[in-house]
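In the two complexes that follow, chain A is the common piece, with chain B as its partner first and chain C second.
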Partner chain A sequence: MADKEKETKNEPKTDLQKSKEKAKLQREDTLERLVVLGEHLIKQINDGQNPNISIPVRGSRNVEFDTVNKKIVLGGKVAHRYFFNVAHARRFMQTLLVASYAKKDLLEGNLTATLRDLYYAKKHTIPGTKENTIEEQKESDLAIVDLEVALDTFRERLHLRAEPKGRMAGDMVIQDRVRDKIDTIDLSHMGSGGWAVPSIVEQVEFKDLDAEYVLVAEKNAVFDRLNEDEYWAKNKCLIMTTAGQAARGARRLLQRLSQELNLPVYALTDADPYGFYIYSTMKYGSMALAHESDRLGCPAMKFLGMSISDIEHYNLRDVTIKAKDIDIKRAEEIKQYDWFKSKPWQAELNKFLEKKLKAEIQALSSKNLQYISNTYLPDKIKSQDFLP
Partner chain B sequence: MAKKAAVEEKGITPEELSKEFKEYSVAEFFKRNRQMLGYTGKVRSLTTVVHEYVTNSLDACEDARVLPDLLVEITELPDGHFKVAAEDNGTGIPKPNIGQALGQLLSGTKFMQRQQKRGQQGIGASYCTLFSQITTGKETHVKTSVGDYKVYECDVSIDINKNTPAIRNEKEYSGKFKGTRIETELAEVEYNRSAFGVYEYLRRTAIANPHAQITLVEPNKEITVFPRATKEIPKMPKKVLPHPLGITTSDLVDMAGVTDGRKIGSFLEKEFSRVSSERVAEIQSLMPKDPKTGKPMCDFDRSPKSLQWAEAEKIVGAIQKIKWIAPESDSLQPIGAKELEKSLKNLLAPEELRVIERPPKVFRGGISFMVEAAVAYGGKAGAAANQQNGSGNAGGAAGGETRGEAMRFANRVPLLFDAGACAIAEAVKTVDWARYDLKDWENLPVSIFVNFTSVYVPYTGAGKLAISAEEEIVTEIRQALMEAARGVAIYLREMRRAEEQEHRRSLFFRYINEVAQCLHDVTGTEKTVLAAKLKKLAEENTSLLEAQEADEEEGLEELEKAAEKELKGERGEDE
Partner chain C sequence: MADKEKETKNEPKTDLQKSKEKAKLQREDTLERLVVLGEHLIKQINDGQNPNISIPVRGSRNVEFDTVNKKIVLGGKVAHRYFFNVAHARRFMQTLLVASYAKKDLLEGNLTATLRDLYYAKKHTIPGTKENTIEEQKESDLAIVDLEVALDTFRERLHLRAEPKGRMAGDMVIQDRVRDKIDTIDLSHMGSGGWAVPSIVEQVEFKDLDAEYVLVAEKNAVFDRLNEDEYWAKNKCLIMTTAGQAARGARRLLQRLSQELNLPVYALTDADPYGFYIYSTMKYGSMALAHESDRLGCPAMKFLGMSISDIEHYNLRDVTIKAKDIDIKRAEEIKQYDWFKSKPWQAELNKFLEKKLKAEIQALSSKNLQYISNTYLPDKIKSQDFLP
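So, the complex of A and B:
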């Protein structure tokens, strides 16, 4: 590999070389962070201290809404995970198991793995005991989160893949790299299923584009409807489904489309508090992943629908569903979030709490199957009838 | 169920017992009412027989001022019958009294003594004779000596039509024997080591009578000795005249029959404590008036021998309405905290033991009583039927595991049956054991001990199986239990702390090699060096680290919650 690099030293770098070099730098950076953490712990041990890992506190008590940059960010609170602490010891050990695996098995060998791979690789019985290092995958998953925040990095940089989720279609060509192979993919020729968004999208390069906006739907069914109706071709856009709460790969890709290509992004969810929350997570980030809002948030995103107002406007009253207690509770909760404090959203949530009705996007099919493609979406976009 | 049993129990009071005697033959009465006296169920009947003999023996030893040496032998005969032999080193029974003691119902000498005694109603040993007679047709054999080197033996039975003793095969010879040995043969009984069996009964008797040594020979010839814990013979309880508040109609009728008093008025004054002529007048004035004559319905100048049941009933009613000076409390004879502690240590060898002796209190407005309570933890505490199960006897309680036990006593006599209706059980049930880290005491090696002491034990029925759950009594027992439990809780908490420290240390040691290996993987530092340093840290700092932990818990909790949420969000909500 080194020879090959020498040979091509003076020639202009190919896409492959550029992509690989960038990845190599990132790998080295992450390795360095791991070693620094390890050395820090060893110094504590040598100094006779209780070895501990500093971990920024997450959750509602250490989360703020940055109104200027429109994202949910982490406050300054830091907790320590000690080895010599009954409640911490096991997780401390597990966090180090993750660090060892990321360094030796993944980064040094330039391989990626799933959370489950890691779980099986590091699960073993501790010699001389009946105890396993890791009992359930949930434990190693939690240790991974600890390590990524402790290193101020994210799991993709540790070469850990999340479950990929989300599909895309539209008039755009991209390049993806699998180790030493570059694939060029035309998203307008992906058939009925669309292009599966990978869990890591850092290496994806955008090439030719003929689209004016991105339409991201919460539901697979909506994506399939629009794809079948050639909505993206007729309306010059990219369409994506997140299949429920958006996965990290999908969120990162939306952010890049918004920031690198300056494409407006419109969200399409059910008209209920859960739909609204899925939207807010894509846009501002989440409380639990506040440390990753920079990398995963998409502040320019707008909410196209369905809104509670749409129910009246499009005369969908007959196909609404009565809100359950848990919907009401959730609406009351999100009404208190700083990022839902804008007037239009407060009005929207009040309307929901007053009517106690919700609607699915598919309710539009009550008009006719193609109503969404032919009437609802073009209408909404033309009138720019969005919520912030 | 328990409630119904209690009502049935109440159905036969001593008053009614003596009343029924007048209407039925003794045998018929016994057949009708044996369950009221504890002769119900095969195991229980056997325990009841042993109970009658053992309480008499303990009382006899006390009267003789000797340390009791009791022997109980149960033998299974080829025809399925059981032979019970009970032997003591007490006063012995004077020859003229034998018939009355073992062959006549409701004639016990204790009845008139008003001394705090184990057996009170004088219906015990004679019923054993009758039970043997009814179930096997055999006589009961007695060997006794008052210690004058003359030993007397005979066979006793009851003439069931006349309720008089029948004595045969008398023998008298010289010998060194002192005390009494009774042998009786029974059918419709069964032996096992269950919680209702003879073994458990004697074990508990031994606990409540630390000055006694009790030896049991079981049908399989296994010999168990419950050793003596102290050589101190309990003080003789003071003999006192009965206090009017403790008297029942039947007591009154029986006493009226044997008194020297010439008139009902002087009889009351003479035979009861705290009764003056003023009080007699007060009783008289409270009696209902005869509707014809307008005079009080009972003439107190009549002979007491002529006192009718209905009149006695009214006198007892009038007594309850008068405010009396409380009875003397020095007539109580508790086990004593020191002696009880010796006894429980001796038999249970517990890890921790708290014994509480409460000062005397009164119930029903004037009857004094005293509660002694103990809570024992660890060692051999907990249900004995399970621990000492070497004999292979069938039918014990759930085998193997130690379970918590609550032992009830009234005047040192174990109460094995009818727990549901009992003041002690009620008190045990209403203590908030969780407060003392004993929430699960029923599944822990725990023995709870309560002894209720009083000249008048308010039994729920003639079988003397349970103490009436009166509020003052239950409250007092609960207080005693709580006091004892507090002491044990302190011990338990200390023990738990030590355990936690050990757990903590072992936890760290378990993970040290894993942590050292990982740090080696990440930094390349020698694993063995790291492991050695970590071990040293763990050894030195365990207690120091404990303090640190408390400060950190909040931050950790926050972390955990956030991380969980994160994972949930990531997995997403599928369509």
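So, the complex of A and C:
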């Protein structure tokens, strides 16, 4: 019997066991942070103090650009939220409602939920009053961000899902787990659809890889074009579409591909300020989610295109679109951002402001449908013609 | 040698061969329709006639509800578009530009493209004039629909892709093909993401199936909930999300699951006129795409929920939302549609108009997160509590 036990102990762990243990450790770590917060509040109450939570200040007045690590981060300003303070009490209560839901319903129950689920679960009329705990979802959403920064964690670790978006294909095998089922997914056999990138990717493990870089396109249409042209097989890369502004799951996955697998990541957007901004959010993070750049940013990402310079270089003048006032305004804004202050980006933005023309990536289809796969991309990658 | 040839002939065809042959036959059929159209025009020109194309009239004045087959269809009105007619000439030219692109670039090249690609490819200034062939994409989009109805075909057969949307999981193996690569995809091993439903599903083949019905949810969040709860495995079904209004690929796939596999299809949307409309579009088609109902409709689909009656039945009053004027207006509109004229739907819409309350599917999360998987869905399916 003793022998048998020993044998069992020495057996190598299965992927499922490893995956569940990793997730359990993460859950326990987050639960511990929630418990520490709770005990801190109880101590304050027992000590006769006004219960309060320290919450790093968010918003532009406490956002900085970390030029060394290339990411948008929160500065050092911290605010205290007090229970006995007319201006704070409501949000204080909401923050604790969110904390209690994350602890009891999500982490202890080992379930995930959306921000909307949480809103519905915690919205109720406070007994004996006509006051609702939460009126609009944006209130509980803000309380979630408060809790994230107060605990120095992120919402996926609180088991909160965001809207998933994005598809992926290429020569890589991954493992993904749902409860006790571990799936081995070969991204080179996903047909014309691709694998749908989930909203939480913490449990995804990268297995066999035969790819040299990642190409991430803002548009579904580009993914479909590249997939139909067998671009990823012919050029040994992984392709992903974010289907617009990148969702959290897609951003986190790109970061992990960059950092864990050391793969270069090249971004493909339209040649307009909106496309440039989508790129900068994937690379540096955003001001609204500055506390998440560590986890969602991909500082090594490069901008492959489409650039305003490409319009001339590839003779696309006839298929450009006249910039609208809102595009001009947006370009002038992002020109002031610290993370667009490099010479090449300033030159690029000046060129846009001078020509007042933008171009969509599909403008390349005016040459021929496969121009992007056969000429534009190989050309840009060979000459390493990227913006930082 | 003769023997060997014979042997080769008798060898069973591989799935790849079969798939490619089927696609080739479809391409040839569509090409033939295009050729017939072209020859018809040449004959008219040679006969000294004013070249014209017969195009079934679209829009509400030629839309009917086929109560027997339960679909929204085009009526019998046909218009003629003439080349020598100041009001027709531009659209006539655009329709032929689209036809030429579909023939030469897409079908003969065996490539697919988006409506946007087509727009960029065919937009140019007519030599010797200052006139552009196409100004705005909506012009070429309308010309595509003209061509679809004139040829009695649909855009996927012209190799035009729409924006893909939707994810799927369940106990079914499918085959999907991209050029010479045929992928066998096990939808029961797609992890937490699921398989991304492509924009064209004509080439998808259903293989092993171990499911008894299809559950299609309007919302990603519901898909994630059901997937995490292993709902599809425990209840032997396939789950799909359309992520909002259903895209063409998702609609066609639902139709094929219903008609080819004889699977019941149950729809899950929010309890509001917008949700009801999403359902009716999947089931009956829409007025704007009445010519496509044959191909995109799913007349056997049933509405599982969430209904206005569910609000009372499941005691959800506290988590309802007050209907806005626009919701009331929409409910009054759809109440007049022939395809909402059944008694149960009229009663449902009257209940909505009387209570002026709507509810989201996530309102069920106010009970507990798994209420939808453990109680609501099994309950509704067991009692077959559906709307037609």
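Throughout what follows, the second predicted complex is superposed on the first by the 380 of 388 C-alpha atoms of A that agree within 3 Å, B and C clash if a C-alpha of one lies under 4 Å from a C-alpha of the other, contacts with A are read in each partner's own complex, and residues count from 1 in each chain.
The definition used in the following text is that a residue touches a chain if its C-beta (ideal position, glycine included) is under 8 Å from a C-beta of that chain, and two chains touch if they have at least 3 such contacts.
For clarity, every value in this text was computed on a predicted model and none was experimentally measured.
Looking at the shared chain after the overlay, A:221 reaches both chain B and chain C. Looking at the shared chain after the overlay, A:131 reaches chain B, while chain C stays out of its contact range. In the superposition on chain A, A:68 contacts neither chain B nor chain C. Once the two complexes are overlaid on the shared chain, A:41 sits against chain B while remaining clear of chain C.
Contact with chain C, but none with chain B, is seen for A:360 once the two complexes are overlaid on the shared chain. The interface of chain A with chain B overlaps its interface with chain C at residues 163, 220-221. Within the complex formed with chain B, the residues of chain A that make contact are 34-35, 37-39, 41-42, 45-46, 48, 50-51, 55, 57-59, 61-62, 77, 79-90, 92-93, 96-97, 99-100, 103-104, 126-129, 131, 133, 138, 141-142, 145-146, 162-163, 165, 219-221, 242-248, 274, 281, 286-289.
Residues 105, 109, 111-114, 116-117, 120-121, 123-125, 161, 163-164, 167, 174-179, 181, 183-185, 189-200, 203-204, 220-221, 224-225, 227-228, 230, 233, 318-319, 360, 362-363, 365-366, 368-370 of chain C touch chain A in their complex. The part of chain B that touches chain A in the complex is made up of residues 500, 503-504, 507-508, 510-511, 513-515, 517-519, 521-523, 525, 530, 533-534, 537-538, 541-542, 545, 548-549, 552-553, 555-556, 558-567, 569-575.
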